[in-house]
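Look for chain A in each of the two complexes below; its partner is chain B in the first and chain C in the second.
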Partner chain A sequence: MTKGNTAVPKVFYTQPDGTERVVEAEAGDSVMQAAVRNGVPGILAQCGGSLSCATCHVFLDERHADDFPPVSEDEDDMLDVAATDREDNSRLSCQLVLTEGQEVHVAIPETQL
Partner chain B sequence: MTTTPGTEYPFGPVTPSEGVAHIGRLVADRPMTKMTMPYGGDVWLVHRNAAARKILSDRRFVREPFRTGERVVPFFVPFPDFLRGTLQFEDPPQHTKLRKLVQKAISPKRVREMRDSAVAFANELIDGMIARGGVRDLVTEYSLALPIEMLSSLLGVPSSDREKFERWSSSTLAVAGKTEAEVAADMAELAGYMSDLIAKRRAEPRDDLLSSLAHARDRDETLTDAEILPIAFILIVGGFDNTATFLSTGVLSLLRSDDQRAVFLTDPDGLAPTTAEEVLRHGGFVIAPMVGGGGGLVPFVATEDVEIDGQLIAKGEAVSIDMVTAGHDPTAVADPGRFDITRTDNAHLTLSHGLHHCLGAPLARMELQVGLAELFKRIPDLKLAGEPVFDRTVLTQPMTSLPVTW
Partner chain C sequence: MSTGHLLVIGAGQAGAQLVSSARELGWAGPITLVGHEPHAPYGRPPLSKAYLRGEVDAGGLALRSNAFYAEQRVELVVGDRVTHVDLAVGEAVAESGRRWTFDRLALATGAEPRRLDLEGSDLDGVVVLRDVADAAALTRRLSEVSDLVVIGGGFIGLEVAATAAATGVRATVVEAGQSLMNRVVSPDTAAVVEAEHRAAGIQVLTGTRPLRLHGDGAVRAVELEDGTELAADLVLVGIGARPRDDLARAAGLCCDGGVVVDELSLASDGRTVAVGDCANLPDPTPGAVPGRRLRLESVDNAIEQAKVAARTLTGDPRPYRSVPWFWSDQGALKLQTAGLAGADDDVVVRTGTRAGQHVALRYRGEQLVAVECVNAPADFLVVRKALATNRTLPRDVAADTGVSLKKLLR
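Right, the complex of A and B next:
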């Protein structure tokens, strides 16, 4: 894995208590996958990214609002039924796919269940 | 195939600590073992947690050949027909459509809304046990009653019909020790009853699961009665029998573990979530004098040759996740033999993962958390008044009796 040539994507996860953890991901990973692989608590992702559990809910920092494709109809439906009420910047982290060099800040909600 | 001594599979019965050690050697030796099942032939049983997760998120493993009958499900018993018609045997895109509809009704949000009523009902049940006093049967008076009530509210079964519903439901897995003919008659009666109820909810919708499924056809998705009925069946099967056994197992695990019960009693509400996960992972090892390994979750079939963790799974071969070994894989779970209700990083696969992860998982978890917390808050001196009874003659081997007193 030649990480030296290109900047790997980085995800900054902020927990409900305010603590932040930075994770280096691979291009093509989702924000959900990067969390699960690195044991970031608070992102359960029971369905593994098949848009059927609403347990990888995150709040995407406003500065990245235009960096990802908009919320699809399926994602919108699942966000409606997440355990923590959705806000304007709510996303399912399995739908946030990272590109090379991208840096993303997300906040993890109080609960996923 | 020759097997390294000490890594045989299937294995047991052995003591729980020997079982944990055996699994440790097994997962160090290989990711999976091919096993011939009493029905349906060979299946790969996957032991390593990471390999299991890879398979569960790989769409090249499907269930279609089981549903169509092209292939027999490799299993311990002939796989019940009524379960082969359900959501868990569908693949995308049909699966996606059905799953999305049902999951919205058993969503994390919906389950949070049900939590208060679960707490209230658990306390009603506890009131009843306290009032009757003496030795009570925790299974019938608590562990079964709570999920049945929750499931009935979710499905929208009128409270006046709940007794009938309970009889039919318990018959689906023959926990009541009925003959085959009696079970078939009960199943037919249940199907008739549910069809009637679906028709009523189509005509006059309410705020329940059957109504939302029945009215899905008014939007872009369409759901027929033939599609709704199996969904109702699978919720009934998973929704009370398994949940009840998890809850009874949780209570018994805490009763058998003085140090963890003492920890739990310091903060039942706060510790309920991690306790529930630890019960799902390891409860079976805490309550049983002897354990074994050999079997897993509902299998998949490989649609092409796939190499997982160095092992080739050939096109057409069946593969199943052994959640017992995956939950005790020391590379995924630190010190897997320790019953630790404060464990926060609990990578068990008891409710599976991925596309087919347990449909009722949010509900099952909530019931387990509420069921344990309320019981020990109200009766902190709860103790065993006899040995638990299991019904080994049915598919899920439920706990049918657990005498307790205080």
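Right, the complex of A and C next:
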């Protein structure tokens, strides 16, 4: 992973079929917002990021596990009932706020509903 | 068919979703999205919360990036209002004089806040909250006032009251009904929410209405029907919204408190689609009473109905079937509801597993029809899914808070 001080954050989204799309985000955006604003399919974010819907579920690449705040109690509860079964690296992408220069790899699950 | 020009009037949540989904589903022709506000489509829910607190600015509310519209070949026209539509010719005219011909038309014109029609309601400091300009003005005023009176104990009013109270403004909510969020949640859930607001220092007055507003240029007080006078240097009116269906009506489309559409989102001409807050639609709930119509003012409906319309436009029509859901973040309260309960439906209250949680299940006879949750998002999701898949939960079991909903419904 490369980290620079001035570069915009980049998010690499891998779809269930293996295709990857890179999005240049802005610091302060969440991984969810960067996806929705740029039309990356598979992240629905029905509630717009208020931790109410669990439709922005992603699998966060293990190498970034410590780059974000840990899973909160609400997020934990909601991941338990996400449409695609959770795994150890499951996160709700609205809770993954990007910082400058960050590069993040996430995989999008089969279904969000 | 989908090589023609698609004109979408209204650049809010529904309009933005419609252009995105139409493109994704294969609409190949040009798409134009016209909005009257001077902003690209943005999300409104934060306007009464994070935006008022200064945690997000107008740019941060954007629903899509500027690059998105270019990449998706969507011409975005902002700050212009379509004033006339000729459906027979397929032409729309805007305030600026701009004209567009179109092959298919989509109306996503939204709703506008109802105003108070009382003596003094035109005083300075009597405001509504709908768009980012309203929110900017409200933010500025909130930093200057000491006494906020909110007329109407619905989602928006309570969200603003909670936000204001947290910054030290004295807030009073005046609700005409016997409980807050009348017709939207059960009295049981309303009581939980009311107690929380009272604990946060908000004065809540139910079963009473404003009679007139006093002031000299600027508002100074709200007089209630019972004679009570409430000091007020800011009054937020949150008494619901009226669908913007004037354009559709003038174009000859059937309107009845909203643009009347069928379950494919088609208006009465069988070609125009209407989506979001402006639409009067058949109840999309699985198993709903046939013929029941309603309007749904929610992000959920704006998105889901727009997807239905996009399928209709791209030649893969599928009837709208969905459990409507709503959320409202009020201070520390996260209220979520799914399903449409009536006043006659029974309430089964479960206590949550954690302090501060509240879950109310609504039953029509033995059938589970809706759920109301406070600070219980996981329970909410489980029950919403059960409703969507037409599963029920025996009432006696539902009341047993020793068993988790997740275990019962998964």
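Convention: the second predicted complex is superposed on the first by the 108 of 113 C-alpha atoms of A that agree within 3 Å, B and C clash if a C-alpha of one lies under 4 Å from a C-alpha of the other, contacts with A are read in each partner's own complex, and residues count from 1 in each chain.
Simple rule for what comes next: a contact is a pair of C-beta atoms (placed from the backbone, for glycine too) under 8 Å apart; a residue touches a chain by one contact, two chains touch by 3 or more.
Computed from a predicted model, the values in this text were never measured in an experiment.
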Superposition on chain A - do chain B and chain C clash or fit: clash
Which of chain B and chain C A:112 touches, first, second, both or neither: first
A:77 touches, of chain B and chain C: first, second, both or neither? both
First, second, both or neither for A:50, with chain B first and chain C second: both
Touched partner set for A:28, first chain B, second chain C, both or neither: second
Touched partner set for A:14, first chain B, second chain C, both or neither: neither
Partner chain in contact with A:41 - chain B first, chain C second, else both or neither: both
Common interface residues of chain A - those touching chain B in one complex and chain C in the other: 39, 41, 46-48, 50-54, 74, 77-78, 80-81
List of chain B residues in touch with chain A within their complex: 53, 56-57, 92, 96, 99-100, 103-104, 107-112, 273, 344-345, 351, 353-355, 357, 361-362, 365-366
Contact set on chain C toward chain A in their complex: 20, 24, 43, 45-46, 60, 62-65, 67-68, 71-72, 299-300, 303, 327, 329, 334, 336, 354, 377-378, 380-382, 385, 406, 410
Chain B-facing residues of chain A, complex: 39, 41, 46-55, 74, 77-78, 80-83, 111-113
Interfacial residue positions of chain A with respect to chain C in the complex: 28, 36-39, 41, 46-48, 50-54, 73-74, 77-78, 80-81
